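So that you can tell them apart, the chains are marked A, B, C and D in the order they are listed, and the count of residues begins at 1 in each.
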Amino acid sequence: MTDFFKGIAPIKYEGPETTNEFAFRHYDPDEVILGKRMEDHLRFAVAYWHSLAYEGGDPFGGQTFLRPWFGAGMDQAKLKADAAFELFDILGAPFYAFHDLDARPEGATFAESKRNLEEITDYLGNKQASHKTKLLWGTANMFTHRRWMSGAATNPDPEVYAYAAATVKAMLDATHKLGGQNYVLWGGREGYETLLNTDLKAERAHAGRFLQQVVEYAHKIGFKGSILIEPKPQEPSKHQYDYDVATVYSFLKDFGLEKEVKLNIEQGHAILAGHSFEHELALANALGIFGSIDMNRNDYQSGWDTDQFPNNHPEMALAYYEVLRAGGFTTGGTNFDAKLRRQSLDPADLVLSHVGGMDTCARALRAAAYLFEDGPLEAARKARYAGWEREGAKAMLAQPLEAIEKAVLENNINPQPRSGRQERLENLWNHYL
Amino acid sequence: MTDFFKGIAPIKYEGPETTNEFAFRHYDPDEVILGKRMEDHLRFAVAYWHSLAYEGGDPFGGQTFLRPWFGAGMDQAKLKADAAFELFDILGAPFYAFHDLDARPEGATFAESKRNLEEITDYLGNKQASHKTKLLWGTANMFTHRRWMSGAATNPDPEVYAYAAATVKAMLDATHKLGGQNYVLWGGREGYETLLNTDLKAERAHAGRFLQQVVEYAHKIGFKGSILIEPKPQEPSKHQYDYDVATVYSFLKDFGLEKEVKLNIEQGHAILAGHSFEHELALANALGIFGSIDMNRNDYQSGWDTDQFPNNHPEMALAYYEVLRAGGFTTGGTNFDAKLRRQSLDPADLVLSHVGGMDTCARALRAAAYLFEDGPLEAARKARYAGWEREGAKAMLAQPLEAIEKAVLENNINPQPRSGRQERLENLWNHYL
Amino acid sequence: MTDFFKGIAPIKYEGPETTNEFAFRHYDPDEVILGKRMEDHLRFAVAYWHSLAYEGGDPFGGQTFLRPWFGAGMDQAKLKADAAFELFDILGAPFYAFHDLDARPEGATFAESKRNLEEITDYLGNKQASHKTKLLWGTANMFTHRRWMSGAATNPDPEVYAYAAATVKAMLDATHKLGGQNYVLWGGREGYETLLNTDLKAERAHAGRFLQQVVEYAHKIGFKGSILIEPKPQEPSKHQYDYDVATVYSFLKDFGLEKEVKLNIEQGHAILAGHSFEHELALANALGIFGSIDMNRNDYQSGWDTDQFPNNHPEMALAYYEVLRAGGFTTGGTNFDAKLRRQSLDPADLVLSHVGGMDTCARALRAAAYLFEDGPLEAARKARYAGWEREGAKAMLAQPLEAIEKAVLENNINPQPRSGRQERLENLWNHYL
Amino acid sequence: MTDFFKGIAPIKYEGPETTNEFAFRHYDPDEVILGKRMEDHLRFAVAYWHSLAYEGGDPFGGQTFLRPWFGAGMDQAKLKADAAFELFDILGAPFYAFHDLDARPEGATFAESKRNLEEITDYLGNKQASHKTKLLWGTANMFTHRRWMSGAATNPDPEVYAYAAATVKAMLDATHKLGGQNYVLWGGREGYETLLNTDLKAERAHAGRFLQQVVEYAHKIGFKGSILIEPKPQEPSKHQYDYDVATVYSFLKDFGLEKEVKLNIEQGHAILAGHSFEHELALANALGIFGSIDMNRNDYQSGWDTDQFPNNHPEMALAYYEVLRAGGFTTGGTNFDAKLRRQSLDPADLVLSHVGGMDTCARALRAAAYLFEDGPLEAARKARYAGWEREGAKAMLAQPLEAIEKAVLENNINPQPRSGRQERLENLWNHYL
């Protein structure tokens, strides 16, 4: 036991009126909504990288956090794991997620890094056995070390491709061993700094083949979880190949993977790509590739990934409404890819940032679910397209243009616009919030 | 003959040193570059909508231009066509492009609009017969009239779909009649204002089927030109389905059209989507769907489509370099989707804006072509990826992950980064500019 | 009486649970908060331009709305005024705001425009006499007509300056006659399209002198209202001189007007300038120039002024909290500079968009007021700066650097960071929402 | 002597046609332009932080550069200084610039940091004595260490204010000792992460008083250089008080410093604030506070500070044209606040990035100077405003509004717009490039 969180008891649901800062006001894990416990709807995960490994640096400043587990050795890695599960317990978090590098010391060689990973994942596995919290997903960090500076699977150097292949294999093995429900690939360096030195076509082909190899290996070892791609348009790279949902879909189609791979969609990445979060979720659902979400908030006035905890429940409600329309999570969940502001130094900040985020999501889910259950929005949507149910409408889709033109001429078709009623639908939303 | 351009003689090439404002300094149509005349490389087109039909309005102000041809009747439409060809003659433009609505009066019924289109395209056809300027592409305006406010092919009302089908048929017929080398679809209203009232999946399906119908009809009438989609992320709609090159590609793949349809890529639209122009061109080339370009410039500090004439030849050179890498234009060309600033009232402004744009493009093309011909950039690119030519590198792509891991372990692979040399390549570029 | 709003009764407060779309759920004018009626806190105004004069156009499309009062004559102007007051009555709006051009027909000469203004403002004055709704502010439209294309007070042509001076005088007279509580200047064309043709220094000097003349005239006629500048960074101009709060303040300081002129701050303009709305309000308060607000919402993914009705009460609560910290409105108010989406065609849309906006503001105000009254946020803020109350802290501000250095050396000062507690304060906010 | 740059000889001017990568193509220090040597126009400075101290990290990855001088001790600091002057010699740079923290090891106490600064600045002073390169400006890093996380002069903790005061004093002393021609303050942490915990008014007052103290101390020690503020809108902070030129000016006015302090304007910061670089320069000139420039380039598609070397000479020409209009540099200069891309690992990259940047600036200056000398742009500008020279125009500025209205009515003034000729002026520019 560390004493990092000393004095902070497990967080309980006390309802919206409580003035206890260390309580849930909206997240009641056992509340049943649309026939499912809230915990099972939301499937919260804590992110190891932000909550345990992040030191508080930004591009203009270094470490601000002082954590007893910071350091390069295996002892610190285990202390970190201890603190992690203490945090998970306090929050009652059903899941966590991590990169290999978050949890294990980097070795001098690949072999040593792999041994370190095996040792720490054994340790994490023992933790899991005695705690409620399970692994939502694992992922390999292929962007921090200088070897990845020009990409992993898309590196001009095939040795880096090999190292990346071995790295993903090791981490997929580890995820499988720990019962992880998904495996995520985020390609922060799979992109370019300048087109001038880049063979776009070759890099795309390598990325595609790499993903096929990962899927093949997952099948071989009997991994039943989902393989997820996480889109992001840029940062750290000037351009990243997994720009947004539509771009990843085009890639999956080209490599025959649209039935094999799903998406892990992040609020902040959607914003950076010029989309709303709900757009990306709705599109992924329409394309059949919705998987999981990285929950956070991006400052609308900042042009980089701010990874803040969500705090605006009306916005999050729009997102959860799309999750509900997609049928809810199966293997996916709500992973807090959110980090403390670097001035938030205290253990209480670490706990309460999650509490606030969980409450925001819970409140959003509840509003979205009631609206979804009552059905007025879906009814309005259906009514708007009702013309397509009329005789002849669908038939027109099978006709050649000249037949349609003939009908327009013969019937002197002159369509009259009807109100889109946007503000009324926005009011409807606000009634549920 | 109108006398609108009275006193302005045809523009001739006089070389970079001339102080004659009414001369080309860089665009010499007959100069041979990479074995082809400059005119045949660049294939300039004048845009009817901006240069003839635009009245000078913006969201906060109305008409500033006073043109003798403004007005709703067929007489004005013909006067406009006369002025158009006078402008084309002055510029020596090999091509023009237009929407139906730019050239014909809107009728009270579809039938009347169609008759108007036939009359004015007969008139334009006669003009073409006696002038050098040919039609680069035609397109249908399905965004200005209020009937299109909720979309054309993606409208909730199937009557609008029908009207859109008839409209495209009419304009494709007109384009074919005039020998147009391409037909363009830009879906400014094919998107949404709010997800709340939108059936994303149904609208996407309708858009896909519509495009198939267009392609089928083009085949049927023997149209040999290219069908082109023009991506834009937003504006006027909050979100447009043809967001960017990658998004359109995902759509083409889903509807089996990736061999049938190519892209018309616009500088300003690339910028609005968060990309550089050269990125969009390079990606379209890598995906095999590069078709044509809409040349303009977007103010980097403005968040809307400013459609200015290009004036930065180093940036345009990056674009033409990608055009050259793609093999140059076939049916496509350089269409100036660029409009005068609304304070530029004079006929001379209209002429000289094009002269400046043509010179900028010519200067850019020349630099790009010399660099391409000399080859140092391609040599550097090839050298960076040379590792992939080594024995074993490509073989690795066919191996399972566990075999690659084995090799990493056995050979203790520890890749060493090599410089990306970005600044040196930028200097190389500047040597050619 | 028009019958435009036939069948729509005045909107009443029915509480949050009502399912009646035509009722207020949160706006209860008579509810007393912090010792003041809600109506007197919020001081809602309807904007004539958006709600009566806007035809539904955007940069890619024309009129979508069909209103019986559209047209160029005085009869239509009066019908528009009738409809306006019907709308105000339905909403129970205490205020409205208008530009000269919104209400009067444009004349062929300045004299005729002035006579038209006098006639219609007499008509509006009669309306006011028999209705509850009063004038919050008047303003002159000096951006739509082509004469303003290169600026009003900052025009290179002194004749335009003269025309602008006469125009503002006429509208200030009209505002005074109608008992307007403020007069607003928004300089949409006071800026530039290109620096190349602009004398920045001269234009700034003219703008400054113009504003002095306006203030002098207001004093002369005994206008007791506030003169307000409305900042906006760009659009329609590439750059506008009234960029944001800080920029306008620098301008007021230079022309000795910082005690004479206050600011009308708009949510959407704050966003376009790269600020949050609450930032601009807090800064104006800190500088002593807070006046009034233009309430709306800007789509975060659109780079232009979307002028939507507000619908996110947590965001608006941040804004009203700053209004409360500034002591609330005196002459100012909450003007809905918000327009219907152009697909929202129906009279009910026009009414309900305002109802939704008013409810959002009311809900936001209530949350902000309770938090302000309870005081925990202000207490936390005070505690964070408590060090500055300690002996010696303020004294240090009067010392020379060398004395402070001496103290640092002698006392070996080594400051230890303390948590900024951002997430906890965000949670506190959410407790009140 | 280090051997880091072994084999790289001093860079000489060889003219635009040379194929020698290690030569200047445009920067000829001795070329006389507008009566002044090019070197004396441009006054290039190398930035110690980017070129010597930066390790290649970004928010998602760590060190990529391997430099023999990296490390925490005084020996490494001296080795770094040796390498710095070797780089300056190779480039023939007349100036350099540095933060205290770039050059000295951080001590355990303020006293130790100060001693370290004195030791290393003695060492740098000796270097200067035997080399051509002098100090353009010094500055204190008050943003990297965790003590500054909540601000320096604007910190809620007065101990931090004291530490900041002592730090600036020490670095101003050092700058004075080294004959630095300017002293720069950049307030990366002088701003806020959230308004919720911020006392904007108090922080602004502290920042103002701090700047007064700095100016007073500079006078006291006889520092003849300029005190410069460097604006930046955000990053690392969510909002920075020195947002842009106009904002800093408002601050200087409030604290009576507009005659004492000038601005150091950075291209990338202008872009992040929503301005063009030339706008910020023109505005600073109009306000009389232009001082110096931080030259770099910001990627237009990235929302953070990319600090790349400039490579687009047409854009830079617009900037140098404004520098020339402002009378050129006095104490200021062209400091390359530009860093290598983190993949550019080699010593040659470090040299050639500067060579490319210097050539870009030289080419830009030459074009701007010729245009300025020939005068056609200034003549066009003057002609556009010629109306203001006519009798009565200036007199109008002294009249009351009612007199101006009278004149408008009596003379039936009806101003007629004249073309702004933007595209023609852009063509004129391109003629000089």
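Rule of thumb we're sticking to: a residue touches a chain if its C-beta (ideal position, glycine included) is under 8 Å from a C-beta of that chain, and two chains touch if they have at least 3 such contacts.
To keep track of the chains, here are their UniProt names: A, B, C, D = Xylose isomerase.
On a predicted model such as this, the values are computed, not experimentally measured, just so you know.
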Based on which chains touch which, give the shortest step count from chain B (Xylose isomerase) to chain D (Xylose isomerase).
1
State the pair with the higher C-beta contact count; candidates are C-D and A-C.
C-D
How many Å are there between the centre of chain A (Xylose isomerase) and the centre of chain C (Xylose isomerase), using C-alpha atoms for each centre?
38
The distance between the C-alpha centres of chain C (Xylose isomerase) and chain D (Xylose isomerase), rounded to whole Å, is 36
If you look at chain C (Xylose isomerase), which of its residues touch at least two other chains?
64, 146, 149-150, 193-194, 234, 239, 274-276, 301, 341, 343, 417-418, 420-422, 426, 429
Touching residues (chain side chain D (Xylose isomerase), partner chain A (Xylose isomerase)) in the complex
56, 58-64, 143-146, 148-150, 188-189, 193-194, 234-236, 238-239, 272, 299, 301-305, 341-343
Sites on chain A (Xylose isomerase) touched by chain B (Xylose isomerase) in the complex:
109-111, 114, 146-147, 149-150, 155-163, 165-166, 168-170, 172, 193-202, 204, 206, 209, 213-214, 216-217, 220, 233-234, 239, 243-244, 246-247, 249-250, 253-254, 273-276, 278-279, 282-283, 285-287, 318, 377, 380-381, 384-385, 387-388, 390, 392-393, 396-397, 399-402, 404-405, 407-409, 412-418, 420-422, 425-426, 429
Touch list for chain D (Xylose isomerase) against partner chain B (Xylose isomerase), complex:
19, 21, 25, 64, 271, 274-276, 300-301, 309, 311-315, 340-341, 343-346, 348-349, 352-353, 355-356, 359-360, 417-424, 426-431, 433
